[in-house]
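In the two complexes that follow, chain A is the common piece, with chain B as its partner first and chain C second.
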Partner chain A sequence: MKLIIDGREVSAYPGETILEVCRRENIFIPTLCYHPAFKGQGVCRMCMVELEDENGNRRMVASCTYPVQEGLKIVTFSAKIDKVRKNIIRLLASRAKGSDYIQDLAGQYGVEPLDLPGLDNEKCILCRLCVNACKLMGSSVLAAVWRGIDKKISTPYEEAAEECIGCAACYEVCPTGAIEMKEENGQRIIWNKVFNLVLCQHCGKAYATEEQIALVERKTGISLPALCEACRSQNLAGRLKNFSG
Partner chain B sequence: MGKILYVQPEKCTGCRTCELTCSFLHTGEFNPLRSRISVVSFEKEGFFYPAVCQQCSPAPCMMVCPTGAISRNASTGAMEVNHEICIRCKMCMIACPFGATFYDERANQIIKCDLCGGDPACVKMCRGEALSFSSLNPAVGSKKRAAAAKIKEVLEEVR
Partner chain C sequence: MKENNVKEKGCTKIMVCCGTGCTANGARQVLARLEEKLRGNKNFEVVPVLKATGCNGWCEKGPLVKIMPEDITYCQVKAEDVDEIIEKTLLRGEKIKRLLYRDPQTKEFLVSLHQTDFYRKQKKIALRNIGEIDPASIDDYIERDGYKALEKALKYMTPDEVLEEVIKSGLRGRGGGGFPTGRKWQACKKVPRFPKYIICNGDEGDPGAFMDRSIMEGDPHTIIEGMLICAYVLQAEKGFIYVRDEYDLAVKHLTQAILDARRCGFLGKNILGSSLSFDIELVRGGGAFVCGEETALIKSIEGFPGEPRDKYIFPTESGLWGQPTVINNVETWANIPVIILEGGEKFASLGTEGSKGTKVFSLVGKVVNTGLVEVPMGITLREIIYEIGGGIPNGRQFKAVQTGGPSGGCIPAQLLDLEIDFDTLTREGSMMGSGGIIVMDDTTCMVEVARYYTNFLAVESCGKCTPCREGLRALLAILTRIVKGEGKMEDLELLQEISEVMQEASLCALGRTAPNPVLSTLKYFQDEYVAHIIDRRCPAGVCPELTVFEIDAELCTGCTLCQKNCPVDAITGEAKKAHIIQQDKCIRCGECYRSCRFRAVKVK
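For the complex of A and B:
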């Protein structure tokens, strides 16, 4: 099907969202809560674009969730869109005072954060990428808890969750560095849960949590010796050496 | 069946040219830490083994990937990583039986051999011919597999 984006005719497939088409066509739309591994969430509203009908009337939609239609006329940048994006950044920068990423973004957009009390070290912008990552990993431990100004991302009852495998995928996808993970003395601490790291039998490197290895074994049906990636190939090479020599 | 990257460790001289070639062509840097092939060396015995993705079938890395970022390229048979949708949970690294799935810290990416899109550069640069890229005849392939399975059985009995 055909769309018109910023006056340019572009082809798209049914079921795609406006954002996916724009990414493919190298048309820039800023996003915060979007990651190509997940579906568009429509949480941050940074990706707002304008749709124009036959009469020239425009309305705003979130491009990450809006499915394409035949003949859709899309405007990806206008004064109104710019104002909306700046407002979002200003509000997020007022909330996430502790996040360098968001503060840098506020500088780039040229907005001054509001002075809100009690949020000095906040980094989270509630984009829920971690929630999506956790769901995809099969744990579904993370969710938004509390409502209103108290809303935050946490585990059930903010306790160590049984299903959490300590994979740190949430830590990796977090755009603002809001998730804390500590690794020391052969332990990994994340989301209030302490994981024992498995040490490589050969070099002693802590390479994964017990729960991660159990999940890999369950998914592949293969049980590997407790060796880190580098020592695993060395172990294999050692066996080949004995075989050929 | 397509071509396979065939490794003969007894021919490897441990020169590590493959590592440099790989990292240069993929990243523009001569940096073994960013290479998709890694030579394991036993200097005393003079034995070297280039560890590289064996493009397993079925592939454990693909089985554990939660986002479907690892998939087989139908034309080359290589398991390729889609960096766009990878969330870097590193499950593939834990699952790889050969330790041939690497993590590039500088680019923050999971890297593994992609057979250079069907024309591996390391093979061309390998002076000792320890690496070769050869096609596998399907008729011979199945016989090879059967023979290998027998050897495996024997070895397991011995062990």
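For the complex of A and C:
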């Protein structure tokens, strides 16, 4: 199907969101809660764009959740959109005073954080990418809990969760460095839980937790060689070379 | 005490209002006493039938006891009054004057509830049965044409004809959004996927609103019948009633109603011999305000946290478990049987151009007759507050009326003649919402009102999207500093700007309307904000940091009432001589200001 984005005709597939089409077409839309591995969440509202109807009336929608339709007319930048994005950054910067990433962003957008009695040194912006990553890894330990201004990311009852495998996918995906993880003496501490790290047989690098490997083995039914990602690729490449002669 | 005795022998019916308000005031004790005294009472040829009904709406005067067919209503009845009622009224046919309502203007004693100003202006459709039937009895419902609309639809109308009738009625969703109900059903009917689901939204969460509660408690079968009629249109087989768990009596009566409807063949397979098969399950909500938002409610039924989603695809296409779903509010469902039975045109003859029929409002706050009223759309606020509501008590001045629940707005005195419907309220910066009307007098601080509702929303919104969550956090912080006397004039611009972003970019209707309390008070009562910021003074004498009370020695009669009411003994003075407030002791609670009958206590 055809869409018109900023006056330009663009093709799209049914089922795609406006944001997905724009990413493919290299049309810039800023996002904080979007990651190509997951479905659009409509949480941060940075990706707001305007839709224009035949009479020229515009309304704002979140591009990461809006499904494309034939002939949709989309405006990805306007004074109104700019104002919304600036204010969202300003609100997030007022919340996450402890996040360098968000404070830098506020600088780039030219906005000052509000002088509000804030959360102490908060880094989290509640984008929920960690929740999505945890779910995709098969643990679903993390969730956005409570309501309203008390909302936060937590494990059940804020305790060390039995199902947590310490994979640190949440830590990796977090854009603001809000998740704390410590690695020392062959152990990883994350979400109030201590994990033993497994060392790569080949290079000796700590590459996963015992629980992580156990989960993968249980799910796939395959016993894995104790190799880190780099050594596993090397190993595989070596075998393929022998195979092709 | 069988129901059919009534008709055969024309015996007396005594109906005790057991709505939540009357129950809180002791209606159950009245009922128990009546039961005890009437059972096997040898003085009667035919013992009167005793009924516990749902809410009559006039909670201010409860517990109410109605005696039929004489149509006598006794107000504020206590268990101690029961013997006299039996002795005088039931046995001798005399009326007990002290229990009758006395019109405050004409000083006339009114025998029937229906003669009072509170009732005369009302037009009951959704509430037609409430107070007239025992909600636990399916027979009572059937006796008042219950399930007749279902029979008419199933036997004499095609699903399309039923839909046509609902469209013709112009009925719009009573839960807040005001979406045309017929068009919603039509959109769902067009989707060629099955199964389809039907949901009744009974998650009423607005502070001070109890219209849905009253219907669920007082006439549960009308909801079931409305849903059945929709099921016939959509060929749906399964419905859910989502009710908040705190509504104990509603849960009880709905459970009973579903069981009775199944027993009588109104729910189940091949209903009334037709091809329609439909059943209803009760889902008890955990009491989150945001679950009243339909997509959050659907999530909650599915077992997930109640958080709304972007509604770019409507539930009519993808709702419960991704299936086409029609979700309507309790009051909307209660209108459906009447529309089918009496025709869409008749319904559409009531109301305004864009909003047809009636609307139930819960009238609370600083008004003489608090309670539940059902009035035609297009009635003015003045009629509701002054004619039905009886005006402002204690001779105070009307200041504003807050409509539409916490994310509604405040409407000032100059708009009292506004003919209210969905569109006019939205135009003036408030909304219909589910129909809450909170009346405020001149002892109300509008900045504090804005802060109160913003605080409610800040903890009751879901917290999913940035503009609503962080916007509310910012609004609350700014309003809090203004009521503490730490505000700056720039704060007003900031409030405006944050509000606008919330309106533009929030995910759901809750977030988009959440700044209404701030915006409407800024629009109509900006001078109060300015007084707080510049003069460091709360004109209504509410905000403790900004209030100083003093007694006007000229006006003070030395009645000592303020002295008695002062919780910290800050008022000194002899009887019949002017009193003085000791400012170092005063905690600015406003007790003296509100209790003084001579307006001698002033806000400095």
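Brief remarks follow.
Definition applied: the second predicted complex is superposed on the first by the 212 of 245 C-alpha atoms of A that agree within 3 Å, B and C clash if a C-alpha of one lies under 4 Å from a C-alpha of the other, contacts with A are read in each partner's own complex, and residues count from 1 in each chain.
One rule holds in what follows: a contact is a pair of C-beta atoms (placed from the backbone, for glycine too) under 8 Å apart; a residue touches a chain by one contact, two chains touch by 3 or more.
Not measured: the values here are computed from a predicted model.
In the superposition on chain A, A:214 contacts neither chain B nor chain C.
Using the contact criterion defined above for the overlaid structures, shared-chain residue A:137 touches chain B, although it does not reach chain C. Look at A:87: by the touch rule set out above, it reaches chain C but stays clear of chain B.
In the superposition on chain A, A:203 contacts neither chain B nor chain C.
Judged by the touch definition given at the top, the superposed model places A:67 against chain C, while chain B stays out of reach.
Of the two partner chains, chain C is the only one that A:146 touches; chain B does not reach it. Chain A residues in contact with chain B (one complex) as well as with chain C (other complex) do not exist. Chain contact summary for the complex, chain B toward chain A: residues 9-10, 38, 40, 42, 45, 47-49, 51, 60, 63-64, 66-67, 69, 84-91, 93-102.
Within the complex formed with chain B, the residues of chain A that make contact are 35-37, 133, 136-138, 167-169, 172-173, 207-208, 212-213, 215-216, 219-220, 222, 224, 227-234, 236-238, 240-241, 244-245. Looking at the complex, you find that chain C touches chain A at residues 288, 290, 305, 307, 309-310, 312-313, 457-467, 469-474, 476-478, 494, 497-498, 501, 504-507.
Taken together, the chain A residues at the contact with chain C in this complex read 42-46, 48, 60-62, 65-67, 80, 83-84, 87-88, 91-92, 94-95, 114, 116-117, 125-126, 143-144, 146-151.
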